[in-house]
Amino acid sequence: MLTALEKAGILVEALPYIKKLSGKTVVIKYGGNAMLNDELKEAVMTDVILMKYVGIKPVLVHGGGPEINGMLQRVGLQSTFVQGMRVTDQATMEIVEMVLAGKLNKEIVAMIQRFGGQAVGLSGRDGGLIKAKKRFELVKNEAGDRVPTDIGFVGDVVRIQPDLVRGLTEQGYIPVIAPIGAGDHGEAYNINADVVAGELAQALEADKLILLTDVEGILRDRHDLGSLISSLRIGDVEDLVEQGVISGGMIPKVHCCVQAIEGGVGSTHIIDGRIQHSLLLEVFTEKGIGTMVVK
Amino acid sequence: MLTALEKAGILVEALPYIKKLSGKTVVIKYGGNAMLNDELKEAVMTDVILMKYVGIKPVLVHGGGPEINGMLQRVGLQSTFVQGMRVTDQATMEIVEMVLAGKLNKEIVAMIQRFGGQAVGLSGRDGGLIKAKKRFELVKNEAGDRVPTDIGFVGDVVRIQPDLVRGLTEQGYIPVIAPIGAGDHGEAYNINADVVAGELAQALEADKLILLTDVEGILRDRHDLGSLISSLRIGDVEDLVEQGVISGGMIPKVHCCVQAIEGGVGSTHIIDGRIQHSLLLEVFTEKGIGTMVVK
Amino acid sequence: MLTALEKAGILVEALPYIKKLSGKTVVIKYGGNAMLNDELKEAVMTDVILMKYVGIKPVLVHGGGPEINGMLQRVGLQSTFVQGMRVTDQATMEIVEMVLAGKLNKEIVAMIQRFGGQAVGLSGRDGGLIKAKKRFELVKNEAGDRVPTDIGFVGDVVRIQPDLVRGLTEQGYIPVIAPIGAGDHGEAYNINADVVAGELAQALEADKLILLTDVEGILRDRHDLGSLISSLRIGDVEDLVEQGVISGGMIPKVHCCVQAIEGGVGSTHIIDGRIQHSLLLEVFTEKGIGTMVVK
Amino acid sequence: MLTALEKAGILVEALPYIKKLSGKTVVIKYGGNAMLNDELKEAVMTDVILMKYVGIKPVLVHGGGPEINGMLQRVGLQSTFVQGMRVTDQATMEIVEMVLAGKLNKEIVAMIQRFGGQAVGLSGRDGGLIKAKKRFELVKNEAGDRVPTDIGFVGDVVRIQPDLVRGLTEQGYIPVIAPIGAGDHGEAYNINADVVAGELAQALEADKLILLTDVEGILRDRHDLGSLISSLRIGDVEDLVEQGVISGGMIPKVHCCVQAIEGGVGSTHIIDGRIQHSLLLEVFTEKGIGTMVVK
Amino acid sequence: MLTALEKAGILVEALPYIKKLSGKTVVIKYGGNAMLNDELKEAVMTDVILMKYVGIKPVLVHGGGPEINGMLQRVGLQSTFVQGMRVTDQATMEIVEMVLAGKLNKEIVAMIQRFGGQAVGLSGRDGGLIKAKKRFELVKNEAGDRVPTDIGFVGDVVRIQPDLVRGLTEQGYIPVIAPIGAGDHGEAYNINADVVAGELAQALEADKLILLTDVEGILRDRHDLGSLISSLRIGDVEDLVEQGVISGGMIPKVHCCVQAIEGGVGSTHIIDGRIQHSLLLEVFTEKGIGTMVVK
Amino acid sequence: MLTALEKAGILVEALPYIKKLSGKTVVIKYGGNAMLNDELKEAVMTDVILMKYVGIKPVLVHGGGPEINGMLQRVGLQSTFVQGMRVTDQATMEIVEMVLAGKLNKEIVAMIQRFGGQAVGLSGRDGGLIKAKKRFELVKNEAGDRVPTDIGFVGDVVRIQPDLVRGLTEQGYIPVIAPIGAGDHGEAYNINADVVAGELAQALEADKLILLTDVEGILRDRHDLGSLISSLRIGDVEDLVEQGVISGGMIPKVHCCVQAIEGGVGSTHIIDGRIQHSLLLEVFTEKGIGTMVVK
């Protein structure tokens, strides 16, 4: 049981971090286990609202995860795969958008509202927010060459138009963004949520980009939690990739951070969304709990 | 083939209506056939954008229609009915919201963007826009008494908080709103789109409320299109209901208009969404093409 | 008799032009027959008000024409001429200013007000709007040399101070400007209205300069109305002058356009003020009805 | 020869009056000899500019005087009279407006500009400033009854719309207003300049109304300059009219003051425009130099 | 040693209080031991800055305490006393003001600045902030009657002009105010700091008034710390005074709270400034640590 | 006895200077005899208020003078001196700040308030206004070398943060500033008031810096008042120092002016504060009464 003085002390300890981030924008990619477990969900929403109340401007980008697969199964849409990647045809894209923009997005918004924040859910098709184009994955053909291959309505970011998001944060709302972009003819593209978060952080000249993941951060030795790399310079990334320290799904996440830093974002953070209030701990402590990628 | 002069003449004819509505808010309920037929869709969107460009602030509320049934069927959700009304359980509500807020809403937004407007899609759960509560339908029990009956997540409007919509129209966006409200715990309720449009028109102190329907307006003799009532005073509504001139599905629509007028909306219009550019014709001509309900 | 749909169609056709010019400034030189014929006057005023209501900022510069001569005759002022140019002495200038700023200017203002617009009449002496200096015309002397000759209070524009006009357009007024400038000691100079319109368009960073004239535009063959040059690049002007295609009174008008384009105005238009609603047709159709001079 | 200290002292003496009027509006009716004599003209303009620079918002309304008669003679317009009042037909009104709005108005503007102020000349037809209607003078008919008689385009003020004038004073301009109003169809009416000044002072919620006249103020004994009434309460006016102390042309001037005071103007002043800098002396000294009419 | 999660939990616990006070003004009377002990001083300043950073607008009013006596002694000023009250003559007042406005005030400002806040020190003579008048204490004369007695430059508040303080809080500064008022001729009066804080809270329409004292709050039994009255309604105050529960120096403090509540302040708090971070504990916990006086 | 016309004439004469300085900032160093003599004090305050009312933004920096010595004596603090300079230890600095910020500063503020202005007293420790560091005077040691010597809390300006002062002038207040700066740890330093005024003038991008002194200005021959140098270019300063024309205490004052000019201040003025209204005479006359140092 904490004494009143201990409680006061902790508030006081947070003061320098509150000061440093006051008025700054923080873009948070919210996905994985942090989106599935109810207790974690509440913790994330509370953290985001607290950030808002101490003067920070949080912006959420969420992913989709298993809900999309569930709904595709329910409607009986069977996907074809090209070397492990799902081909997203028109019918699949419709389901993807419904789940992202019509279910997950609105659930997050409703939870923030319920806990006392003011949130507005957006997709990248709203207000011209995310201009996208078809992504051509490099896929090995029979001759073994990697050739650009059409895998349907999977997109790359062409341009972020951040006015709508800025307008909303200035009016005190927390924007919650589904990672969908609009093509030249307004058609929807599914975009990787990490990429959307990174590009948005750059367009908003954010101070921080935080990726909530299902790992502890980058471990020098993946079997030793004590080997967590707390801080990483972008100049050291490629060496770590070659050494295999950064590997698999972590590679695009780190590249996303590198690009954000090069695009002017103050610092980027890969943290463990499975830890309650990891967001708060990362933002209001110097050391944080995951891996920070900086210039 | 029109001459240049004839063309100019028509623009000039529209001038008084443009002047009268400049800077005013017009809430449009968009549903029925106007949402299904591609040509009509484009005509509605073009009309809305034109309204925007001549200085009017249009706000769209859309319905759901057959798309919801289709998706319920696809996911194999069978509805139970109480005296003809579908009981909307939690699972059904999820599908309803996905279709409304994740599919139809974003399609409308994308179409406006494609035609050169700036639209933002919202559900009533965004920014605390629509506060709702469970609606208890009066249903006859075995004894023949009409008792309030729980039919699930079907809601009534408790309060509209129009700040978010106002902020967006002031920044030049066209708000597109799915008729969903948030209960005390943030849970979603499906609300009648006409009702949402009517309440929103009052909260926004709109100059006009326009309901796009699948009928010509109110006909004195339903078999005679020439008997269209162009203008109707709210004081005459109950007589016409008793006479059976206003009947069936038209009754709640007219009541919705009466309430809007009593709540301060300038004029309300029930027009035929099956006619191309009916919106434009109603707004930019004195007589209009449907039935106007006024004080 | 046009159907409602045809009418709606025409409004819809104007949409792209309305969009393109929304919020832009258009400077219109109003003179010649369009100022004399009552029907044409009303058409011009209606066009200007329509432009205003669809979000364009029109600014009118008017000429003087036969009214000045009429008044000079009435007061018995006989003019002396130097090679066809009237010498404007102090007494003449007084009459010129009275007619321009006290009669024509106020008549135009009153007509715009009557048709529902908000206009404010200005002379270039108001608010330091037009700084002028004496113009010395090159006149052949007895030796046949062209020497600068004092022809009285006829002026060149030294500098436009557009703050007053900008302030008024931002408050929703249509400025109507008499082509008079103020010399170093505040004395009035009569300035060519085309020149004032061109200079003002540059100072206001206008999107368009439109000169209402008494000809169809520039004809490649002056006897063939079908030979109208719809669009002309400023680089081709001097050739056409040498070829005699551009000649007489058209030369200064075209030079005025060239200078405006070089000063940053988006496009310039020489159109036939004798055609009703020519202004509207030029602004709201791509091809227009006269000659457009562009970069 | 004044010493520097004496000079400083005088500036210091003006301080309380500057403070009291800072940010306030002062409407000045400028007419009579003060408009004819060059030295007086310059003094008035300098006074007005000084007022402006010490934070007061002066608004000028000017009369017409002998210039109108002169021009009517020059163009050979002969007036008919009804019991001494000139019937102002359409042709006469045209000349009146040209002289007022096109000559005198612009001369005053130019003089203020020359002396370093920023002025904008307006007529009551600009921006809907003065709404007017025909004035019917009470004229004795043959039976000796006073019946309302049409004397042409002579008007009464129906309503002042002061937005344009307010907008200009807020942008730092000195509005200079010709006493012309617009009828229902935009037609011009000549209005008494004292009346325009009084109505304008009320509409602008002015702190002071100052009428520059050709007399010393109200004298208790018209043959004794020492009998000047410095301050007069509106409750005492009718007695003085009955006693004949206020008589002739002074009666409408005083009534104009009474109405202004009743309409909320702080104080009204009838001062001698024949004295150099009388305006400055009235504004920056407590006692002033003429007759102040107050509540 | 607290875990990260415990730390996060405490931040989260503070969230509702942060939300409730966001944007509100809190006036704090800072005096007694909290001003003398260095550790307490730092704790108070940190608390105030934290309040500022989470969106609250704190305003400090400080007392003088023993420093004034010390300086009076150093300069050899011997005070005369009337029934225990020091007579504050001109010479004494000079020292009082120097110590309050020149020493204590600036020390507090410097400490806030050093800890990262932005503070501005004011006396009530700045910007017309506190209008005061001489206070006449009721003193028993020889006949035993209590008669109003002049005890020098000791003042009552006549009027607070809060514009200056409001302007500073809106620009992000923490105003620090010495309890000195200005008389009609600008002369300084020493005013009780509790009274100044109470009046200021009313004038600023503050949400809270907090008096930092050297006692635990109001104890029902002064020998039993467990008998602290946590919350007290203003209607119950007079009974407690009669019962002797509120007595001595606590009476004016409680009256000051009652008056503030009646003047519209949301709640008032008498807390123990000898406890570290008592301010933070009072503001960010529901129960608080002292006595709250409410409506 | 001046006539009304003479009075008006003097106001008119000031007009061009009022125009030129309207909206500009003027920093005034107020010290010496002008601060001691009551009549001069009042004259300075009146001048400052008049400047304010005619649209100038005056900012006062005051010195300390004999009051500091008096108080040091009263509290029995004996100073040690190093080559004529007082060593300002902690105890001395406390007295210095009390006198400057708690006595003189507030007296000046109260006087401006009493005469109708709105003043706010600040020290450089308020709002981070003056960042300072310890000044090391060059003092000759026994070996005759000039070595930097610690003389206590005497400071140099490191940086001016003018936001607070700007905010106050924009709200209509006259800032009155005590020449004290804050060191890295918030500790107070006494700074030369001329230097503070000069640095502040640069930081505020002031139009004028005026130093009120106890001499006539710079005299070419110190025994001949007629040899006053009215205007001096900064390029000529060093020659005059070498010639001994500028000598003694005037050297740092002139250097202060030179630095201000190089830092962008429009003009600097060394004037005689012993002459009543010297400030007004300098500001509102072209020639002024002292020495102007310009580029």
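Descriptive notes on the structure:
Labels for the chains are A, B, C, D, E and F, by order of writing; each one numbers its residues from 1.
Here, a residue touches a chain if its C-beta (ideal position, glycine included) is under 8 Å from a C-beta of that chain, and two chains touch if they have at least 3 such contacts.
Protein names from UniProt, one per chain: A, B, C, D, E, F = Acetylglutamate kinase.
In this text the structure is predicted, and so the values were computed from the model without any measurement.
Shared contacts of chain B and chain D, meaning chains that touch the two of them, come down to C.
Averaging C-alpha coordinates per chain and comparing to chain A, the farthest chain turns out to be D. Relative to chain C, the chain whose mean Cα position lies farthest away is E. A separation of 70 Å divides the Cα centre of chain C from that of chain E. Rounded to a whole number, the gap between the C-alpha centres of chain D and chain F is 47 angstrom. For the pair chain B and chain F, the distance between C-alpha centroids works out to 70 Å. Across the assembly, chain F contributes no residue that touches 2 or more other chains. If touching chains are joined by edges, the resulting network of the protein chains shown is one closed cycle, each chain touching exactly two neighbours. All chains join into a single ring; listed from chain A onward through chain E, they run A, E, F, D, C, B.
Of all the residues in chain D, the ones that touch chain F in their complex are 2, 4-16, 18-19, 22, 46-47, 49-50, 53-55, 116, 275-277, 280-281, 284-285, 289.
Chain F meets chain E in the complex at residues 71, 74-76, 94, 97-103, 105-106, 109-111, 113-114, 118-123, 125-128, 163-164, 167-168, 171, 173, 180, 182, 185-188.
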